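Some structures to go through are shown next.
Presented sequentially are two complexes of chain A, the first with chain B as partner and the second with chain C.
On to the complex of A and B.
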């Protein structure tokens, strides 16, 4: 339990440094610290698939971000926004935070998940109806995952079999965004700073 | 209580995205918000003393080749993990798109400051 608080505090401190530092490169490196702290946190939360994916995505994201910030001469931030706007936005965010804290009271406590316990006795043979178990999605995946798909890893059986169309849509979104980035960054762009359009 | 820390991380990212003037700082704020939301969803499925949702040999009923009821009562929730796995990969794609827009804007205007990028150019 204490390890969660330590990692969360580490991530919070890294986030504050990343937000408040003046140098963009150190800010990017602090984002990397948040990501790897989150990856460790996923590992302690018993989500090894997420931890592996987070590390890979983190390394790629750091490369992309450093590509944007390095070799730019104007990476230092000069001024802040207007004082009044900052105060108003901080007040609104404080209000959001307080309301959010009161919403968390209605959630189940940390460590006691929302889905119900499995019915005692023999393992499930058939799919449950909604009357038998209101949270039947999770218990169905957990109980039937091995038998229906043959995958020992329940997460893999969910993303690749039960919700395979979801993963297909994810791949579509990923390729579309990479296509957009390629189109934006193509070398034969029309007007850059060197040739102003007057 | 860990939910509150996680939400504080989200609010820090929101502050960064709303208040800061630098384009890369805004992208960083959006990334911090993504981390906080992913972490919150995984936290919702955690249970104390739980095991990862991988069927081990001790949870396998030898006769029927089924998972035992003990696995159902000790595994953490696999559904948020499967959904967050999708969200993490999509966040990488959106990050690449946002950063490419930042790089292109820098090449056109020579600055990351959003208050100076006001003129429309055809």
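On to the complex of A and C.
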């Protein structure tokens, strides 16, 4: 468990540096360090699928951000903070933090995979009946995954067979966002491009 | 920007093939080993991004033109939806794994197994790779002060 706290500390320090530094390039690199810490954490939690996706997306996102940063003229942030805005944002963050603590108390303990049997001291057991136990669904997936879909990788059988609607939605989100980005980034519309300039 | 030095160009032209091959491996073995369509697609896109960073945007755009990229993007999305609709036609339910249940059971842990899951992985890989390359192309084309030339 100690490794998770070391990684969490590393990611927290990187996040604070990313917010506080005036240099945009170091800020971008600190964001990348947070992502790599998250990827290591997924690897230690025995989720190699998510770790691969996280590290690959992180590398590509880092390249995009660095390229976008160094092609701009302004790479340093100048100017002072406003007092009122800082106070309001700190208050909102505190409220979200307190709310988050009460939410996290109902979740399974950190490092306890949902595929495993629910731990004895879990608060889930206190107010859920056997049919409402969320581990019932996941244990069905692990037990029936290979027989129902034939895929040796349980994650693939879940995201592309049991819960393929999620993947369809994700693909639609990506498709729509690319469509919107290309339409917005294009300065002139097709109609204006065809007309000669006057 | 006309690219980097000849050392970077030579090395990246070799490494690019290996990265592309690794992306194909991640996609094709997505139902057997960790990985899958999304991660493999991002790796495919990153091989072209490497080409773009080393040789400049024009060279990468000659290799994979913008029109072809957007067609590949649409093709991936369409074929993933088509696999789902084929499940409705042949299996009776949207997204049902009709190939595994009826036509091609395959052997567990074999490359040709799991029915429509590898096909969906390939479709998602093509779609994600094309769209992420399109993001980087559109970001580098539409720089400040330059004329965008999307067609």
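Everything below uses one rule, namely that the second predicted complex is superposed on the first by the 156 of 198 C-alpha atoms of A that agree within 3 Å, B and C clash if a C-alpha of one lies under 4 Å from a C-alpha of the other, contacts with A are read in each partner's own complex, and residues count from 1 in each chain.
Rule of thumb we're sticking to: contacts are C-beta pairs under 8 Å (C-beta built on N, C-alpha and C of every residue); 3 or more make two chains touch, one makes a residue touch a chain.
Just so we're clear, the structure is a prediction, and the values are computed from it rather than from any experiment.
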Touched partner set for A:59, first chain B, second chain C, both or neither: second
Partner chain in contact with A:178 - chain B first, chain C second, else both or neither: both
Which superposed partner A:68 touches (first chain B, second chain C, both, neither): both
Contacts of A:48 with chain B and chain C, given as first, second, both or neither: both
Touched partner set for A:150, first chain B, second chain C, both or neither: second
Touched partner set for A:164, first chain B, second chain C, both or neither: second
Chain A residues touched by each partner, larger count belonging to chain B or chain C: B
Chain B versus chain C as contact partner of A:12, first or second or both or neither: first
Contact residues common to both interfaces of chain A (with chain B and with chain C): 48-49, 53, 57, 60, 64, 67-68, 72, 146, 152-153, 155, 159, 167, 174, 178, 181, 185, 193
Interfacial residue positions of chain C with respect to chain A in the complex: 26, 30-39, 42-43, 45-46, 49, 53, 70, 73, 77, 80-81, 84, 95, 97, 100, 105-106, 108-109, 113-117, 120-121, 124, 127-128, 131-132, 134-136, 138-144, 147-148, 150-151
Chain A residues touching chain B - in the complex, by the definition given at the top: 1, 4-5, 8-9, 11-12, 15-16, 18-19, 24, 27-28, 31, 34-35, 38, 41-42, 45-50, 53-54, 57, 60-61, 64-65, 67-69, 72, 74-75, 77-81, 85-86, 89-90, 93, 96-97, 100-101, 104, 107-108, 110-115, 117-124, 137-139, 141-143, 145-147, 152-155, 158-159, 163, 166-167, 170, 173-174, 176-178, 180-181, 184-185, 189, 191-193, 197
Residue ranges of chain A touching chain C (in the complex, touch as defined): 48-49, 51-53, 56-57, 59-60, 63-64, 67-68, 71-72, 146, 148-153, 155-157, 159-161, 164-165, 167-168, 171-172, 174-175, 178, 181-182, 185-188, 193
Chain B residues within the chain A interface of the complex: 1-9, 11-16, 18-22, 24-25, 27-29, 31-32, 35, 38-39, 42-48, 50-55, 60-61, 64-69, 71-73, 75-79, 81-86, 88-97, 99-104, 106-113, 115, 121-122
